[in-house]
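Below, chain A partners chain B and then partners chain C, in two separate complexes.
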Partner chain A sequence: MSAIAPKFRFSYFLRSILDNVFWIITLLTLVGIPLAMVLFFYFELPVMNNNLTSPYLMLTTIADPSRQVPLLKSIMHSDFFRITAFPGFGFAALLAAATIFIERKMLAKLQLRVGPFYCGKIEGILQLAGDGLKLISKEIIIPAKADKPIFWAAPVLFVATAAAFVALIPVAGGGWVVADVDVGLLAVFAIIGFFPVITVLSAWSANSKFPFIGGIRALHQMVSFEIPLILSVLGIVILTGSLNLSEIVQSQIHYWWIVFLPIGAIVFFIAMLAELERIPFDLPEAESEIVAGWLTEFSGMMYGLVQLGSYVKLYAFSALFVVLFLGGWNGPMIWPPFPEDIIKNGIVMGPITAHIPGLPLLDQQMINDVVWFVIKTMGVIFMILLPRGVFPRIRIDLLLHIGWYKLIGLCFVNIFIALGLLYAGVLGPGGIL
Partner chain B sequence: MADAVFLAISVLTIGSAIAALEVRSLIYGSISLMGTLGGVAGYFLLLDSPFVAMFQIAVYIGSIAVLILFTVMLVRRQLIFIKIEDKRRRYAGIGLMLIMMVSLGAIIIGSGVKTMQTDAAPVDFRTIGEDFLTYYWPALVLMALILAASVIGALTLARREDMENEQRTD
Partner chain C sequence: MVGEYAANFSHVLLMFGFAIVAVGPALLISRMISPRKRSNPVKFLPMECGQVPQGEGRTHFMMQYYSYVLMFVVFDVMAIFLYAWGSSLLSLPKTATLPIIAFLGIMFAAMAFALYQSKRRNIW
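Up next is the complex of A and B:
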């Protein structure tokens, strides 16, 4: 007899569960399936195996798992899936979550600590889920004198801007990108321009000292490092003659641009660190000086959203680095082909043979592309995380000095190298390589 | 579809332009100014010129609006909410705007814009770039010289020899 629930009986517990199961089954058969049927008549159903799906066929897929494969395939090629799941936000958020965990563990190892250890038994792999639950369940506190509309909107806008950035990144060949725009690189810089606005507005709206100082610092830093960021990729635009990110990746089949434009890559990387507010450029969030910078007044899930946005932004920037300088998804074929046997004969399990039509759900090339892309992106993310364990924070006047004098000068050197390669006839349209 | 989008963008642009002038808080005013500039970018997208639209967003929202916001935030709080009410100025402004709009509209309508083909293919930005490098190269060189001169001038003005290495001990 426990003290928390004195009237507890195991039989009551079982009966309540059985009751729930009974009602769920009853409601599903009486209401759920007819409702699904009605909805199927209204939705536009996908074409499977060259014949239009009828609502009856859709219902049979619920009973027969082997018929769900073509359905899954058609869902995977829909726009909704692209925006929410694979090359879009879901994929980015997953990689961002992995980044947070890797960052914490790696920093701990660098500093001879243990890091997350207890959640999930094995090296604390469930720490992130625990943190997420904590953030969701915490109360959201708004400062009394805050400007409420802007304060509420800022975290949402931050995540939305980061998601818009992710939408422009091509992940694999064959059009695995949410928005394949002709002026992709310019669109990226147009979107990056929104980050300082959102940062400084949220900092102002909190109506508090530390966020305001952090916001002003963020504005200085982001605005001055946007210029070298844009100038450092001009070399690639000159050599490829294209602003489309997919075309830029396709131009790197034989060699990566980092081979010819290493100065541009270094400048882009440093400017990227500053745009991401990573150490050594984390002045806007300098936790030992101004509490948490422009994030000070955020609490609960608002803070969680800003963190999610900043890690999605980190993924997007490192993916952009991979796309521009490291050859994107290009790489040797390492993914084994799907076994022909299963396509022809089906899966044999003792006496039962399961024929599943349309089985290679994704073609070999696409999976290989994604593997290479993720490997390279994680490598760049690792290089972004590494300075956090090594470097101290830079002073703001030195930061602006680096941004306005040294990086912009190096950018022009990079542009002249690109122009030299182009006019010497080495690279570019009609070049020897 | 395009008409509905055009109407929506027009409402956004004009509405936020009016709000930018009428709202008491300078911060909200500059946010509505951003709405206006974004609406203009929307017009460029509707006109099949994403290149100009992206530059509109990057330059006007990403730099100029940020600059205005930055300046407004550094103003003291009492000055942000100050009221200077002058009816005559407002009416003079509205009248001036109407005169400008009517005369500009007359010029644009009289310039033969109505005879333009609306279903013509959009001009690729690569073609514009080629034109700049071949036919219009003196203009390009002139612009480049002016920009280079202004950048060098800005760097010279921003240079402060007296502040350098002040806190360093080495």
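Up next is the complex of A and C:
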């Protein structure tokens, strides 16, 4: 879609790149390295190869890969990295962004549209960045009579609660989880219970009619579907005997719980859709009835944050579904294991031996786990997105009827199936399987 | 002992705090770079699709579904009680299941009565 600039000369292009490189090198030597030397004195440096690192040694790691690897490893196993980047916030936000893009393109394909197209070279892949920039540069308008501190805090609290939910999800074996809690499942339910509170708080503080109606609807919906959500997982807890999410995943090495408890999985999925306020249960944000429900008064970046929070929540719920029913990270090795010789001795070709120090940086088992986890999670996210292109919205009395009469009944059927499997000696300790 | 147990949850709180620290600046930056014009008082009225809003924003809401909220308060706690049983079931004797079945029966009867009452819209 874009043409080469009319005054384009390849020499200008080269010169601009060389200019940039020159300035980067100059500034790095004059400012960056002295600043790093000063800052390293104030940090507690890690122990590498059994000797304490000095700021000077720390600087030489830039040129020495054999010392970079243990440093990167120690960073990767720190709590800070877990919280900010890998199983924590960064990973979840990345998957949430991917989800938004996939949702828009997929809905467009379902409805024979094109979807985001112009922003970015390939299929509008930069649309999300463009939307973010647009939202951040828009004015935030707050109703004059609103309860301002609560109204400002609500989107931030929404994102933070979704992030706290992500903290409990194990992503790969070997402890790749932010918070490995013994009662992880109960902690998840405790955090889910905060979402309706935040919704109602923001709706009440806006002092406007549409948010108020949307907030009350969200309260009814989340409150009714929380009981089926909680009861549908009880079957797994009965068969596993544990509330720790990592242990629940390890119990599914041979078979997934969805094989034995399909009713629980279906009920959990429906309750999950209702908790996420997605079609067909998007009554709180029904755009054809009450403008945008409880999001009506949010503008600019506040709306963007609520969207970020809801997609992080979507990732967390689908990851929870994978952890509970689809065997978590368990899956066959997709790539044959890397030869040990090359890691230890390097590649020997006649007289030359090439040592590649970066190889043991990532555990191959862990990469395999993460790949399987992401594949399954994206599959569940796809199944969550799909009803949006297919189903109409449900009426509120039917919604409550489904939640209280049908889903809770099915939950108890699921519990009795689990008890039957346990007492018939099929599963559990000493079972046939 | 209790402190150790509570310390397990500190990472959840850290993640909560990190998310606040990470997304709070987005609101601040937005506040700094976006235009702010206070020229028009109509702009700060609540959204009512172009009409000038009348009356209170926090209106009365029909309470016909209030019974479900009341039921939630009771049955959510009962559902969590079932977890205390379910997570320790493997170490319990099999005879301990019968009282729980009785508990489920009480729960079902209470729920059926509550659902029957919630259908009688004229009393709400």
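As a convention for this text, the second predicted complex is superposed on the first by the 369 of 433 C-alpha atoms of A that agree within 3 Å, B and C clash if a C-alpha of one lies under 4 Å from a C-alpha of the other, contacts with A are read in each partner's own complex, and residues count from 1 in each chain.
Throughout what follows, a contact is a pair of C-beta atoms (placed from the backbone, for glycine too) under 8 Å apart; a residue touches a chain by one contact, two chains touch by 3 or more.
On a predicted model such as this, the values are computed, not experimentally measured, just so you know.
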Clash or fit, chain B versus chain C on superposed chain A: clash
Using the touch definition from the top, say if A:Trp404 reaches chain B (first), chain C (second), both or neither. both
Which partner, chain B or chain C, is in contact with more residues of chain A? C
Looking at A:Leu201 after the superposition, I want to know if it touches chain B, chain C, both of them or none. Which is it: first, second, both, neither? first
Looking at A:Gly300, would you say it contacts chain B, chain C, both, or neither? Reply first, second, both or neither. second
Give one of first, second, both or neither to describe whether A:Ile192 is in contact with chain B, with chain C, with both, or with none. first
Check the residue A:Leu419 against both partner chains and state whether it touches chain B (first), chain C (second), both, or neither. second
Kindly classify A:Asp79 by the partners it touches after superposition: chain B alone (first), chain C alone (second), both, or neither? second
Answer with first, second, both or neither: which of chain B and chain C does A:Leu126 touch in the superposed model? neither
Touch test for A:Asp182: chain B only (first), chain C only (second), both, or neither? both
For chain A, what residues appear in both contact lists, the one with chain B and the one with chain C? 181-182, 186-187, 189, 204, 212, 216, 219, 223, 226, 241, 397, 404-405
Residue numbers on chain A that touch chain C, as the complex places them: 79, 82-84, 88-89, 135-145, 152, 155-157, 159-164, 166-168, 178-182, 185-187, 189, 191, 204, 206-210, 212-213, 216, 219-220, 223-224, 226-227, 230-231, 234, 237-238, 241-243, 291, 296-297, 300-302, 304-305, 308, 396-397, 400, 404-405, 408, 412, 415, 419, 422-423, 428-429
In the complex, chain A residues that touch chain B: 147, 150, 181-183, 186-187, 189-190, 192-194, 196-197, 200-201, 204, 212, 216, 219, 223, 226, 241, 395, 397, 404-405
Which residues of chain B touch chain A in their complex? 27, 31, 34, 50-51, 54-55, 57-58, 61-63, 65-66, 69-70, 73, 125-126, 155, 158, 163, 167
Chain C residues touching chain A in their complex are 5, 8-20, 22-24, 26-27, 29-31, 33-37, 41, 43-49, 53, 57-59, 61, 65, 68-69, 71-72, 75-76, 79-80, 82-83, 86-91, 94, 97, 104, 108, 111, 115
